[in-house]
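I've put the structures underneath this note.
Two complexes are shown next, each including chain A; its partner changes from chain B in the first to chain C in the second.
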Partner chain A sequence: MITYLKILIESPEFLAQLLINGFLIGAIFALIAYGLALIWGVMDIINFAQGELVIFGGYITYTLFYQFGIHPILTIPIVAVVLYAYGWAIYKTIIYRLLGQKDIFITILATFGIAILMQQLMQAIFGPDVVTANPELGMQVLFDGKIIIANIQIISFLISLCVGTILFIVMRYSRFGQAIRATSQNSRAARILGIDIDKVYANTFAINAALCGIGGSLVVMIWTIHPFIGLVYTFRSFMIVILAGLGNFAGIIFAGMGVSALENVVGFIIGAEFQAAFIFCLLVIILIVRSARARKKREYIA
Partner chain B sequence: MINKILGTAVKALVLSGLMISPVAMADTHTIPLGAAVSLSGKYSTAGNHTKNGYDLGVKYVNSMGGVSVGGKMYDIEIIYYDDESTPARGASLAERLILRDGVSFMLGPYSSGLTKAIAPVTEKHGVPMVEANGASRSLFNQGYKYMFAVLSTSEQYLQEAVNQIAEHAGKPASEITVALAMENDPFSQDIRAGVMDDVKRHGMKIVIDDKLPRDLSDMTSTLVKVKALKPDLLVVSGHSKGAALVVRQMNDLGVYVKMLALTHCESAKLHDTEKFGNLADYTLCAAQWAPSVTSEGAMFGTAGNYSAIFESEYGYVPPYQAAESTAAVLVMADALTRAGSLDKDAVRDALAATDMSTFYGQIKFSEAGNNIAKPMLLRQLIDGKYYVVAPANVADTALVYPRP
Partner chain C sequence: MTTKIKLNNLIWLGLPIIVVAPLLLPGYTTLMTYIWVMIVLALTWDMLGGQTGYTSFGNITFFGVGMYVCAVIQRDMFTSGIDRFERVSEIVVSLSASEYFISLGTGALAGGVVAVLLAVILGSGILGMRGHYFAICTLGLGHAAAEIASGIDYIGAGSGMVTPIYPEDVVLGKEIFYFYVFFLLALVTFVVFKKIYKSQFGLALNAIRDNENKAESMGIHTTQYKVAGWSISAFFLAIAGAGVGNVIGFIDPVEIAFAGPTFGVWMIVMAILGGKGTLWGPVVGACVLYLSKEVFWTYLLGWDKVALGLMIVVIVVYFPKGIFGWVEERKQFNKLIMSQKGDGQ
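Now for the complex of A and B:
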């Protein structure tokens, strides 16, 4: 452990490599987490099938790449459209029944059920094998090969950033974005003012699915996927949202990138097996601190 | 009251099970073997290889006239159930095979986990089981008396890689550095224990010893460590996801090691150049068996001959999971013949005394039930094809070291 720490101090290029990698891939997680935050904020639903939507998107990219010869990057818009429709369909069949549920466990159980169903269906359709779609885009060699960054990671970062920015603008300035925000703030008032909130909800969930799909396309290009790996992405996005807080767009980006970078450094120093454990410990500490602060505030007001 | 009804029901079930078996056998002159195999779920690819291997073995044995037990000829037949790749299901299906279908002999499931779930059941009922796909060392220290495994145990999987680096590194063993990235599951940790033993024996140095999480999705931190410390040998065992991931990410991160040894190359399809290009070239892969080995036996002849028969039947080159499954059927048939009766304990004793040459290799069981006569193979992947490089007496070609 101390040996590894020493390496990072003595040769900062390795630290730089870990951080850059973390920041770049963190943007993908931020994208997925943003989708989660969106439906959580607007519909008060915690989606435990988030990771399965990601993997589904990945499989579509993989299939289009190997069956139809479409370059994986070019599949992203197709995946977004397919997942948008898929998200809409899930909303119309299952999710709308969960709106206004007082008991959060019903929501969790229902979305968890969707997750299990999707795992099994993906396994039946795409097979249980581990797959990857290598876009073969080469890499950037910096500082005499001391730092090597795969181009696909840079491209994913830019794509995530673009999608995030577009979404941000839409939410801020368009009528549709206003409708979503109005529904989120007060759904009853929104309905009285003539907003079709059912449509808003369906769109919100579909947008989330499309975001997950785009994330999945990028995931299958950078790493590998198989039908049962979705939960990793669900938990990670959940964590990012908890860290950043709902409705905090900048916070989600920073949390996504920061967590991934920190995870890389921690994995380097104390070993890959403690990577996830460390991050979850951090989460617990942050929650304790935050709740202590909130309590103080309440007392002050009282 | 409910207890009483349940008790009667169970008794009736047991009795009906006991009664079905002799009747079925007397009528048709077949010996039923039971097998719960993963035909769906996450092990379904390998589970189907297992089933194909079993089926080919049964077909061949029956086409040679079946097995002769006490002067009478019997066909063998397998009753299959799908365990859905879940251990709990496997255990209950084993129970069902024994109690309801009345099988007296079992063939193993796919994977160590499933075997671990089924073995206590077969043991409880004194049903001999020949298994071909459970390699974990922890299966063989439970004192099981009715379980026999035709394959080499998991701690041997990558020991040969350590010997190879000792031989080829061109420097004293004490200067050789080794990095380990092993999944945190019993199978991979067994492999780690085996590699550790040999590393210690040679006096090499371990510079990285990472345990990969079960739901592994990213290996960046481990691989940057490898880049920093430049070990001579990197050993990775993380099932097919680990094999696929390490090959993809080593390239993306520009990490190079002189020797890379993996498990599960075949199931990760590293040889598929359409998917991995040449990223996996010169990787060393652990294998139980390969079609090019020189072993042969009375049934199927040589390994190459078996491979040809399998390919004409199923249309693909048999992976070792299929070959060892066929071997399990041959071992069972051989033991039934030698036992001269269908008594479970007689067959168990005959199995324990097995010493036969097969296309799969020599098979001879230790007291614990694992095969001690067959070595593990190390194959090198070059341009989409696997070449056996170790041990020396069965090697096709010389090892390419260092990786270019």
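Now for the complex of A and C:
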């Protein structure tokens, strides 16, 4: 562990490599986290199946790539549409029936059930193996080979930024985005003013699923996925949202990049096998610290 | 009133049958042992999840902690400790009968105490949160515990540990011994929880579930009550974990000790299926779920976990009050009908 720390201190270009990787991938995490922040803010529910939606998107890209020979990058729109429909279906069959509940844990339990169901279904359908859909686009070599960046990372960074920008513009300037924001501010008032709340909720949940799907197909191009890795993405998106706050677009991007870069560096120092442990522990610690700080002011976080 | 007496009679009839059950049905001893385990799991989850209204996804942490603490004490109590260069996962300690039972008892109690300490320390931080944050944090806790346990070499890291072999020169066989141990544990847990729910403490927990802000303004130190409740469930859960480690004979950090997808999910499903927030609900839910799992799920051939996920969703969406909640609703409905009939005459 100390030797790895020494390596980092002695060779700054290595640190730079880790940080750049982290920043580029962080944009994808930010995309997934934005979806979570959206449904959390608008519908006041949290989705434990967030990571499973990501992995599902990844598997669709993988299947289209290997079964039908479609280039992975071109699968992204297909994945987005499929996941949008899937999110809509989940909303209409499950979430819709639970929205009026006083007990918020009921919806959490439902998404928890969906997460388990999706994990197991994906294992049954796609098998438990680790898969990837690397499009082999080559890499950029900078500073005499000291820093190497895969082209797909840059492309996925740009795609995430594009999707994020489009979403930002839609939310800010379109009538539909206005309806979503109005619902998140005060759903009763929005309903009185003639906004179809149910449609807004369904769309929000579906957009979240589509964002997760896009994130997933980018992830499967850069890294590998397997049916049970979804949980890590769920926790990452929670952490980013908790750090940035709801509805804070810039905050989510910076938190996403920061979390991802930190994770890369710490993962290098303590070993890749503890990277997941680091994410889980960091989440618990952040929450406990925030709770303790709120308690001093006689408040609580909820 | 009549139903109450009937139920009590049934229980008094049932107890002797249960006591001789392993002699009558020797082939089903392990199955029945696991039913007691499941009852303990469901009851302890319901203390916070049902009675206090805090759905915890991380109670499995205490289960695993109890299992590991007990296994380490069993390994190190009568031996000189582990060799630095030995592979921990391959150490099998053979103990004499008295050594085995002494170390098991000490280990289980120590596991309970450690779990209580952990619950107090973590609980005072985590139970200050409410709602979404609480759910996320507890889910993270269980997985963090699994990941940490698979990194510690002293407890065998990712390869796990082997619990001591049950001594051969004892009259009671291993299966029957653990059947009675878990029967007693389930009985004690049930009686203790029954007393708790009837006491002022139980009322305070219910008050927190119904309206935490009001409870707080009535002078109940809600966080302290929640921490106390969590500690009590952690104690029994850890003892159950200590026993389960010995029944299985092998501890794996992710698959057995901190097994979120199996024990961790089952305890939630059982409590909700039976009816959360009731005393008998978790017991009934545990029996129904585990028996149906043993009887039917073998036919599902690998799709059993899919069925589990589907079951959670279906129960939550269509049957959120559980079996006991449904019975209670029927009773009230009937009462209403009866009273209306009475008014009419």
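Observations on the structure shown:
Rule of thumb we're sticking to: the second predicted complex is superposed on the first by the 266 of 302 C-alpha atoms of A that agree within 3 Å, B and C clash if a C-alpha of one lies under 4 Å from a C-alpha of the other, contacts with A are read in each partner's own complex, and residues count from 1 in each chain.
Here, a contact is a pair of C-beta atoms (placed from the backbone, for glycine too) under 8 Å apart; a residue touches a chain by one contact, two chains touch by 3 or more.
From a predicted model like this one, the values you see are computed outputs, not experimental measurements.
Using the contact criterion defined above for the overlaid structures, shared-chain residue A:Glu273 touches chain B and also reaches chain C.
With both structures placed on the common chain, the touch criterion links A:Gln185 to neither chain B nor chain C. Touch criterion not met for A:Ser174: it reaches neither chain B nor chain C.
In the superposed pair of complexes, A:Phe14 makes contact with chain B only, with no contact to chain C. In the overlay built on the shared chain, the residue A:Leu231 is in contact with chain B and with chain C. Applying the stated contact rule after C-alpha superposition, one finds that A:Thr165 touches neither chain B nor chain C. Residues 124, 231, 273, 276 of chain A lie at the contact with chain B in one complex and at the contact with chain C in the other. Here chain A touches chain B in the complex through residues 4, 7, 11, 14, 17-18, 21-22, 25, 66, 123-124, 127-132, 134, 136, 139, 141, 145, 148, 150, 152-153, 222-224, 226-229, 231-233, 263-268, 271-273, 275-276, going by the rule given at the top. Interface residues of chain A facing chain C in the complex, by the touch rule stated above, are 40, 46, 48, 94, 97-98, 101, 103-106, 108-110, 112-121, 124, 231, 235, 238, 242, 273-274, 276-277, 280-281, 283-284, 287-288, 291-292, 294-295, 300-302. In the complex of the two chains, the chain C residues touching chain A come out as 53-55, 57, 122, 125-126, 128-137, 139-141, 143-144, 147-148, 151, 261, 265, 268, 272, 302-303, 305-306, 308-313, 316-317, 320.
Touching chain A in their complex are the following residues of chain B: 40-45, 181, 184, 209-213, 215, 217-222, 224-225, 227-229, 240-241, 244-245, 248-249, 252-254, 267-269, 274-277, 279.
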